[in-house]
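Two complexes, one shared chain (chain A), two partners (chain B, chain C).
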Partner chain A sequence: MLSYVVRRLLYSVVVLVAASFLVFTFVSVSGDPLAQLRITPNVSEQSKQNVIDRKHLDEPIPVRYWYWVKDAVMNQFGTTLLGDRPILPDLWRVMKNTLQLVLVAELLAVLIAVGIGVYSALRQYSVFDYAATTVSFLGLATPLFWLALMLQVLVVQIYEQTGHRIFPIASLNSVDAGSGIHFVLDRAHHLVLPVVVLMVASVASYSRYMRASMLEVINSDYVRTARAKGLPERRVTMKHAFRNALLPLVTLVALNFGTLLGGVIVTETVFSLDGMGLYFYNALLANDPYPVMAWLMVTATMIIVFNLIADIAYGYLDPRVRYD
Partner chain B sequence: MGSLDLALVYETGVDVKARSQWAYVRMRFFRHRLAVASLVVLLVIGLVGLFAPQVAPYGYDDIRLEDATRSPTLEGWHLFGTDQLGRDYLSRVVFGIRTSLWVAVFVALVSTALGTTVGALAGYYGGRVDNLLMRFTDLILTLPGLAVLLTASVFFGSGDPLKIGVILALLFWTAVARIVRGLFLSLREKEFVEAAKAAGASDLRIIVRHMLPNCVGPIIVNTTLVVAAAILVEAALSFLGFGIQPPNAALGKLISEGQSEGFELWWLVTFPGLVIVVIALCINFVGDGLRDAFDPTQRRVRA
Partner chain C sequence: MRRRSIALSIWALAIVGSLVVGPAAPAGPERTSAGTIVFIHDQEPPSLRGSWIDNNLLATGLVTNNIWHGGQIYDNTATLQPRLFEAKPKLVKTSPQTVSFRYKASAVWSDGKPVTCADWKATWRVFVNPQFNVVSRAGYEDIRSVTCNGKAGTIVFRTPFAAWESLVSGGVYAAHVIRGKNMNQMFNDSIPVSSGPWKFQSWQKGVQLTLVKNPRFKVGPAMKLDRVVFRFILDTNARFQALKAGEGHVMEPQPQLQIADFLNDNDFKVQRSPEYAFEHIDIQLGPRGHPALKLPYVRQALITGTNRRQISSALYRTIAPGLPTLDSLVFKPFEKALYQRHFRKWGFSQSKVISILKGKGCTGGPDTPSVNNSDIFSCPGVGRLSFRFFTTTGNQLRTLTFEIIQRDLKSVGIELIPRFQTAGTLFGSTLPSSDWDLMMFTYAGGPDSKITSNTLYSCGGDQNYGNYCNPKASAAFNAATRELDPAKRNALLNRGDTQLAVDLPSIPLYVRPKWVISAANLSGPLLNTTSEGTPWNVATWQLK
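Now for the complex of A and B:
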């Protein structure tokens, strides 16, 4: 087990290095990082030269990559292109905010999806089942950014009709959020719409998966055996079927993390939340390769860790799985 | 069959007609009513996109200030309303469908061709090709997809639909490759492949004539699903401003332009998005119908 984890981690480091080199090359080959600076008026040649010197922009790409790696490892990802902001403190701040959003959304999504999936499977082909199927198909076909916009449109329309602002449609907190419990409540109020948006895609795919997995288990031999020996139906579905049907969901939720980040980028941009997604979006707008690289490395590491956790958890939950 | 029918059969003889695999697939698909209805809707939308200049009541960029900020109305065919410059959003959406569908189909075809080739080679020869493919897939799976696409189109794209299509295809091909590889790994061991080998068929002939036809079902199903995914992703890219740029029309871009005009003009945001939902939904239904048609044993609802 330990050797398995160590081997996986070593392999992951290799993958990370390869990925970072690929992305770095790609980002450096295309486009001129100084383009924005060049069109800004009143920038002296000296300050342009300073940027070039600091980031070694006149060196060949492998050398620049090496400087970047050194900066990333020894110097916490270094600074932005213009050198005015260290990257890591900003990243920590936005990660904390995004974590709140994602944690709440995923927790609710899993709970709701498990409920819907199990009930659909137990009442296969019922009205509820068909309704759940239709809604989840709709959820999978809806672009998240559009859903976010529609919620904003709705809130604005309600405000215009009734004069009530039922939910804030932008930022993480009000200007006068207060402190203590008031701050928490204010934050929660601001997070309602983003959480709903992020949940939709997750609930749609998790509930389909849960339904399929539950159906498979319900029709298996050991569930029939449990019934045959006269166990009460409740015990059969909850203890024998449900617990086993939950297993595949563990993997799915962990593997979904990359997709979830896509949703985070879109949602935070629409609601202008100071999180990872908006940070990434702004870095792209500024055409700055350094925060983009740092962001990609951090998220790639998280994805690797999540996959590893999923594998280990699966082995722990399902004794049939062996690591070799 | 009742006894009466039997008597009839004795008199006229049974007309046995061999049905091809495709006939069965067609039959099963057309029995799937939702899938057929979705296909019809898709065809209509596709034709509208194809003949956009003929169908649209106004031009894509026709500015008519006297018609500014109209809410959806039958009058003058402004079914989707107009923006502050009086541009008709129905016409803009029609042109947007044209670009968005074109990009999505392009992505699906290119990524399928690329993925099938790589997957077939990896599955058939194994060894180094296979290793390289799987390692590359690991690499792609490690990075968050949308982020990579955004990075690619910022540092490499220029708002040109073709470039966006190429970027998307380069990310989407690995899924097909893995599917085909898996199928080839098991097909490789089948007797008919061995027989073909014994008969002296070349590798290329075995791959193209004997093995690929057995993978057509999963490949086609995956291709349809890629079309849906590509539409959604391209819309997100264009919405964020890193995808297709004016003067090219795109549904995602229309939504972001609508957003910038304020939420009082709700129709500018609503209708382009609704069209995306309808397209993606229909493609998914068609994909589901195709999956059932190609593989009735695996009648499972999509996970």
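Now for the complex of A and C:
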């Protein structure tokens, strides 16, 4: 197992280096970060030249990439291109915010989806099953940005009709969020709409997987054997079928979680949540390759780590799987 | 297992329940105290240094203008009014240009130290220090010396600088705070002092920035409010919805159709006024542009075939009805005493376009204007009148403008080929390369921007990317930058603009409107079209 993990991590380093070089190149050639300054009257040429010198913008891209690697390793991802602002503190801040959002959304999504999936499988072709299937497809087909906008409009309509703002429209907390438990509750209140939006797609997808997986397991020979032995149905379902049916979902959730930690751009943008997705989006708009690169390294690392976790968890849950 | 599941379910229900029921949902801006107002804005300042190379944003000015307060500030009529200064600064003599000023005795920093000429001098040194990445050194680098005597100061310029009054009147850093510091790293997250009506309290990055009343501000009326909180909501729709949902009191929106929702809403007050930014189409006259554009009659055909009046009315019919066509590249319609409509002579006439082109021997185009026309003119020695039209992608108003112009010109036998690019590529690579035919974008500016029109329209001007060069226009615009008499300067600028209207290096379209939307229960906000922004008179703001 250990040698497998080490081997996977070594492969990952190669992947990270290749991905970082490609992204650095693409962002660097996609536009000029000094563009806006070119249409601003009376901009100081000296100031522009200072930026060019400090970030080696007059060097070829491979040379600039090498300077970035040095900066990233020795200077914690270095600083932003124009403002010379340290990148890491901002990145930590947005990571924490995204983690809160994604963790709550995924946890709730898994709980709800597992319930729906298992019940649908046990009551196959029932009204509930048909309803769950229909709603799932609706959830999968709904564009997240549209859903987010509709929820915002709904909340505003309720506010205009009743004078009560049931959920905040945007941002991470209130003006006076307080501290301690008040802050936590206030943050939770602000995250309700984004969590709902994120959950819709996840619940729809996970519940379909769970249903299919559960159906496969409950029709398998060993479950039939367990029933034939006279075990109570609840025990057959929960102990023999449910645990095995979870296997594909565990993998899916682990992989999805790693990706979501990179930021949920649409949700964070629509709700103006100061998270990884919005950070990446703003850095791209500014044509600043340095925060984009820092974001990429963190996101790619997350995906690699969670891929690994998924593999290990799979082996743990299913003794038939062994890694050489 | 079963007990654990039940416990888990209860916890899950408790979490969901607490999210919905837990925090009370008040009607009115988010649990704020009575003297707090929330200003919703679409951008967050990268730092609080002021006009730095990464930071030349209105968003920064909105916050810092009332911290690094001005000797004079622009009021809502774009007129400079003394604030920290005792009176208007004086032009003592013109050769060498010498200016004097004096701060009020009551002008003090929030830490109790007096605001003096030493602060002005320290600020000047920051702006001329080549290591510091200020966005512009214009004016500061023309200063030979600054002599201080406590609150009073005398500035001697090396070369005449026409925009001296706004330069001298600008906000200054506190000398005792910045002494010996690397300004490229200063005020990234906070500002310890203030000379204005509010002072910095806290900044939750990505969420909000809080300013509180500066009790030591005595040079003008004190703030009636306790706090002003800037909330940064980057998404356009969320911003409008948040204002509607009572999460804020005031915002300065970009031109967006959502503004229309507030026009007839009694809970809000909407103010509108044209600002100094103007939309225009630059014409490339250099070697990399289409050769036909070097011919004056082709440029005349372009402007005559473009229905400029229809563009401004079509774009802004619902949110800014009656927006006038811009007929000058130097002055704006609201600068009534100065604005001369030199481009007015180029009214829209499709039949005139066809007669101009045919009169010059162009062939292959239509005989009469028609929306179904697909025949394109070819002119002697320059080929087909088919031009690459560049503008930014993702801007609905610009896309619509292009469609109107493209249709108008196609009707008279001139073809426009769309080349939409991201702002980064357009302004970073394409514009300076001069490898384009027509380019539509906005020039932003302020009351003094016209003084430096030479950078745009003089031969070899720093930002003359269209390669226009007429010695008559250059002479007028260059002289204007050195002319210290405002009346003579304005006459020079109008002389230059007259020549631009003859040569047509650029087609002015319209001056962009600016809006302020404020909650009806907030009195005081008055739209200010300069970079002072709406909080210029924050002292008078009051919650009813």
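Rule of thumb we're sticking to: the second predicted complex is superposed on the first by the 313 of 324 C-alpha atoms of A that agree within 3 Å, B and C clash if a C-alpha of one lies under 4 Å from a C-alpha of the other, contacts with A are read in each partner's own complex, and residues count from 1 in each chain.
Note that in this section a contact is a pair of C-beta atoms (placed from the backbone, for glycine too) under 8 Å apart; a residue touches a chain by one contact, two chains touch by 3 or more.
In this text the structure is predicted, and so the values were computed from the model without any measurement.
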| query | Which partner does A:280 contact after superposing on A: first (chain B), second (chain C), both, neither? | reply | first
| field | Contacts of A:269 with chain B and chain C, given as first, second, both or neither | value | both
| message | According to the stated criteria, A:152 is in contact with first (chain B), second (chain C), both, or neither; which is it? | response | both
| task | Please work out whether A:220 is in contact with chain B alone, chain C alone, both, or neither, and reply first, second, both or neither. | result | neither
| Regarding the shared-chain residue A:100, is it in contact with chain B (first), chain C (second), both, or neither? | neither
| task | Mind working out whether A:25 is in touch with chain B, chain C, both or neither, as first, second, both or neither? | result | neither
| message | Between chain B and chain C, whom does A:299 touch in the aligned arrangement: first, second, both, or neither? | response | first
| task | Go through the superposed model and pick first if A:258 touches only chain B, second if only chain C, both, or neither. | result | first
| Which touches a greater number of chain A residues, chain B or chain C? | C
| Is there a shared patch on chain A that both chain B and chain C touch, and which residues make it up? | 30-31, 149, 152-153, 156, 160, 269, 287
| chain B residues within the chain A interface of the complex | 135, 138-139, 141-148, 150-152, 154-156, 228, 232, 235-236, 239-242, 252, 255, 259, 263-264, 266, 269-270, 273, 276-277, 280-281, 284-285, 300-303
| Inside the complex, what are the residues of chain A that reach chain C? | 30-44, 46-48, 50-51, 80-85, 90, 93-94, 97, 104, 108, 111, 149, 152-153, 155-156, 159-160, 163-176, 185-186, 188-189, 191-192, 195, 238-239, 269-272, 274, 278, 282, 287
| field | chain C residues touching chain A - in the complex, by the definition given at the top | value | 1-2, 8-9, 12, 15-16, 18-20, 22-23, 25-27, 29-33, 36, 38, 46-47, 52-56, 130-138, 184-185, 188, 204-208, 210, 229, 231-235, 237-239, 241-242, 244-247, 422-429, 431-432, 441, 443-445, 449, 452, 455-456, 462-463
| field | Of chain A, residues touching chain B in the complex | value | 12, 15-16, 18-19, 22-23, 26-27, 30-31, 133, 137-138, 140-146, 149-150, 152-153, 156-157, 160, 205, 208-209, 211-212, 258-259, 261-262, 265-266, 269, 280-281, 284-285, 287, 289, 292, 295-296, 299-300, 303-304
